[in-house]
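Here the chain labels run A, B, C and D in written order, and each chain numbers its own residues starting at 1.
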Amino acid sequence: MESASFVALLHGPDKKGIVARVAGWIHDNGGNVLHADQHLDREANVFFQRVEWDHPEDPAGAAEAFVAMATADLGMTVRVVPSGVRPGIVLMVSKADHCFHDLALRGKAGELHGEIRGVVSNHADLADVAGNYNLPFLHVPVDKENKREAESRQLAFCREHDAGLLVLARYMQVLSSEFLGAIECPVINIHHSFLPSFAGAKPYHQAYQRGVKIIGATAHYVTPELDQGPIIAQDVARVSHRNDVPGLVAKGKDLEKIVLATAVRWHLENRILVYQNKTVVFD
Amino acid sequence: MESASFVALLHGPDKKGIVARVAGWIHDNGGNVLHADQHLDREANVFFQRVEWDHPEDPAGAAEAFVAMATADLGMTVRVVPSGVRPGIVLMVSKADHCFHDLALRGKAGELHGEIRGVVSNHADLADVAGNYNLPFLHVPVDKENKREAESRQLAFCREHDAGLLVLARYMQVLSSEFLGAIECPVINIHHSFLPSFAGAKPYHQAYQRGVKIIGATAHYVTPELDQGPIIAQDVARVSHRNDVPGLVAKGKDLEKIVLATAVRWHLENRILVYQNKTVVFD
Amino acid sequence: MESASFVALLHGPDKKGIVARVAGWIHDNGGNVLHADQHLDREANVFFQRVEWDHPEDPAGAAEAFVAMATADLGMTVRVVPSGVRPGIVLMVSKADHCFHDLALRGKAGELHGEIRGVVSNHADLADVAGNYNLPFLHVPVDKENKREAESRQLAFCREHDAGLLVLARYMQVLSSEFLGAIECPVINIHHSFLPSFAGAKPYHQAYQRGVKIIGATAHYVTPELDQGPIIAQDVARVSHRNDVPGLVAKGKDLEKIVLATAVRWHLENRILVYQNKTVVFD
Amino acid sequence: MESASFVALLHGPDKKGIVARVAGWIHDNGGNVLHADQHLDREANVFFQRVEWDHPEDPAGAAEAFVAMATADLGMTVRVVPSGVRPGIVLMVSKADHCFHDLALRGKAGELHGEIRGVVSNHADLADVAGNYNLPFLHVPVDKENKREAESRQLAFCREHDAGLLVLARYMQVLSSEFLGAIECPVINIHHSFLPSFAGAKPYHQAYQRGVKIIGATAHYVTPELDQGPIIAQDVARVSHRNDVPGLVAKGKDLEKIVLATAVRWHLENRILVYQNKTVVFD
């Protein structure tokens, strides 16, 4: 086994002694805590923890043993990942290329704890640039008639490239709940507004119409309800009456890149727990 | 006439030569432009300008003469105010005192181009602190039955103190459209969310529920439609899963103070033009 | 003993099992961890931890017992404070009143985990407003000749009011190293620049001269070297060529209030560890 | 003549009637003001203006005529550029590629009002990626012995590609004052700190050492005094004790990209006037 360090994400009903039990188990098994962060939602009485530890002696079986302890002794829901695991990533895009280039360059620079393996698009525009990054590119036009069949080709592509994460990098189509039910990995989307403001289509037009003084971008996990999934990251920028719709679009592009990259990085570093349609982010 | 400098706010259909005509008129009348800022909404073809000028020779009548020129020659809607005019301000409050203290202290420190002349509240809680600032305090409890009569007492108080601006400094009642029709001055409200997100009641609870990563505050002119008036100023602060509702409330208090004070200051310095339920802010 | 919860701040050479030992001790003594946060400076190999726990059974002696364990077993430097302890605070001011009002109002509103007990100034200007808050006010003019004597009166005032924290809320005199050696509590200062830029006198003039596009404020612990102490909190605001020196001063006042209040609050909540002239802030 | 709109940047001793004379001249010559922004430095009594206007009738000679008027009648220093002019840009880089990719992609996306024509580097690392963007690449190793000769090759490359702007996109060598005297275009540099803090080498190490809570990046015009030129744009990001030097470097990369791109964009849109080692930015 290559890596001897692990990340565990736990959550469940709070009770006395969880922190002591987790730290004690790691110590007793020859490990050493590298980082630990916890959170208690007092209202819901739910305990959350992210713990990363070195496990130099006999790492094989460590994950399973930890899960068994946390489940049986502590009643927690738990996921353990060896720190060295770098999941495959598939990007979905349409015509806009700014988030695509941003993620592809971060991938090449080693900033992401994962590997971009392919690109799916409903347009052919980005085929060449995907090629420049040596990324397989699947062009699947989507319309009302062919949606079911198009999605099954997209799904096959994700499976073929062993996607552990699907990233909608300004993909301008809604994924069906059938697709979301079938894909076996999380899906992260960037919405070009400060959700819940301006959900749905043409958010910069909506923002201009309302005359807001700050615009934003929101990265969230995709759920069947459009733009309603758990929010991971948001950022904002000041605007004024001088910014018309193209001006808002231009300002927004830099926000979208940063916010989406942040969310993808946090997800790949196993920093996010989802609970009650919200996220706990151990950053 | 004490002051010899003026601020004009103009807007109307764009046409060639407006900037030249305004600057030329000021120059020909012995004045000197101190500041000038303009904006062209290309989509609506509307021109906006704020110009401030010294008018040392014969200032009496300058305002009227400027208005006549801008109306007749340029077809503009125009308002001219001598720079020295400091309107009276009435504050409306409920129980929360943070925006009240903030504005009262800024008033005392000379940061506002106006004079706070009185305080209206539906609760008696802030009577004593208003007294510490030597501000007349009107306590008018408001409920469904007495709303009409309560509002007429509020209105009388505003008139008595010659309010040129009414500021809702966390006043937790909705003003009726009758009141808004009768009050003859602008009304600025601070809403404790990043509008249009979380309009209406209990915005921090709504924000907590949705799991947003950034909260905000919004100052806007009050119109009969609740929380739908033209937005003047907004600001935001980062939050995380660690912030429960009281934590959001505490963070939000500092935002509300800054945003409301900014909007009030801009308004009093005649920096704001309202158009199509949006603001042009010449800051 | 009124309170049964404690905060411990530990730091020292890292070694295996510290987290487990601390959590285990608390659990074995009938306690429950409420919050725990740790940090490892890998370069210096120093471990830092803040842990807050309920200690319902037999709290008397808990602090001493914890200190003994952490010192003897773990080799840590440790400080334990019952959560309920609210230290006395003395403010030092000169003529500017914005930070003074801000802290006094936060104190009254219960936002500070401590109690403001008195005000020392080298000017008489704020005597009346201190009186409005019912705060004892010591006016001690300071010049080169009387500095030693003036400082001994200031020191006596701090002792008399049992200051656990001294806050320089825009106090415009340098404290001698003798004073700093004699005062037996931490001293927090607000510097009106983004340190290390523009240390020393007239920072807004320096910032204007250099033409920076962002100004800042810095709260730091005071050490004998002027403006060189450990930085606790900083914040910034955008400025432009339109902001002259009085404009920078006005913008800066809001920064100074927020930054100083943040630092004071963190300190009083025992969130800060100082190490190698830097701070670890468990916020 | 292709373009019939112009941008003029003026500055000089303030006097009455400048705004009226400029607007009047444009109107009398058949033009129409599109944007106008002015600034008065009251301390230095210097007036600054940026004015952009359509000049549909007889545009040939308009620039010269405007300059003649502004110089002779108003005593201003003035520069007039047809709006359509898109200067050539040469980038200087070393090994880091983030600012290079960012500018190259913005250039391709049409976000810059200019054209990137070539890349100069003291290392060969980015030769291939420059090739992917079809940009000529000059590799000139620089050391103490060959600096004079290396700089003359760099200079020749800039002239050959008709550089109207030279951008140091993380170029890690100091340019000599001879080079700066000989290059006939402005030079913009990105410094990876919040100047004037941490000028010189290894700013992130310096920032880590000092324990600041906010880091920054600064774009400035290059002058012979290292890191002392007029500041164009700055931005900042929060950091904490958790960020070690590599963490600061990673955070800083996103800042550097945004700040440098902003400065380059403003410069190419003729929005910047330099005066007394400071900038007036009409954004």
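Throughout what follows, a residue touches a chain if its C-beta (ideal position, glycine included) is under 8 Å from a C-beta of that chain, and two chains touch if they have at least 3 such contacts.
Predicted, not measured: the structure shown is a model, and the values here were computed from it.
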| item | value |
| --- | --- |
| Chain whose mean Cα position lies farthest from chain D | C |
| Of A-B and B-D, pair with higher C-beta contact tally | A-B |
| Chain A and chain B, separation of their C-alpha mean positions in angstrom | 41 |
| Euclidean distance of C-alpha centroids - chain B vs chain D, Å | 38 |
| Where chain B touches two or more other chains, by residue | none |
| Interface residues, chain C side, partner chain A - complex | 16-17, 19-21, 23-24, 26-27, 32-38, 40 |
| Of chain B, residues touching chain C in the complex | 97-98, 101, 105, 109, 111, 132, 250, 254, 258 |
| Contacting residues of chain A [partner chain B, same complex] | 39, 41-43, 48, 194-198, 210-214, 216, 230-236, 240-242, 244, 277-281 |
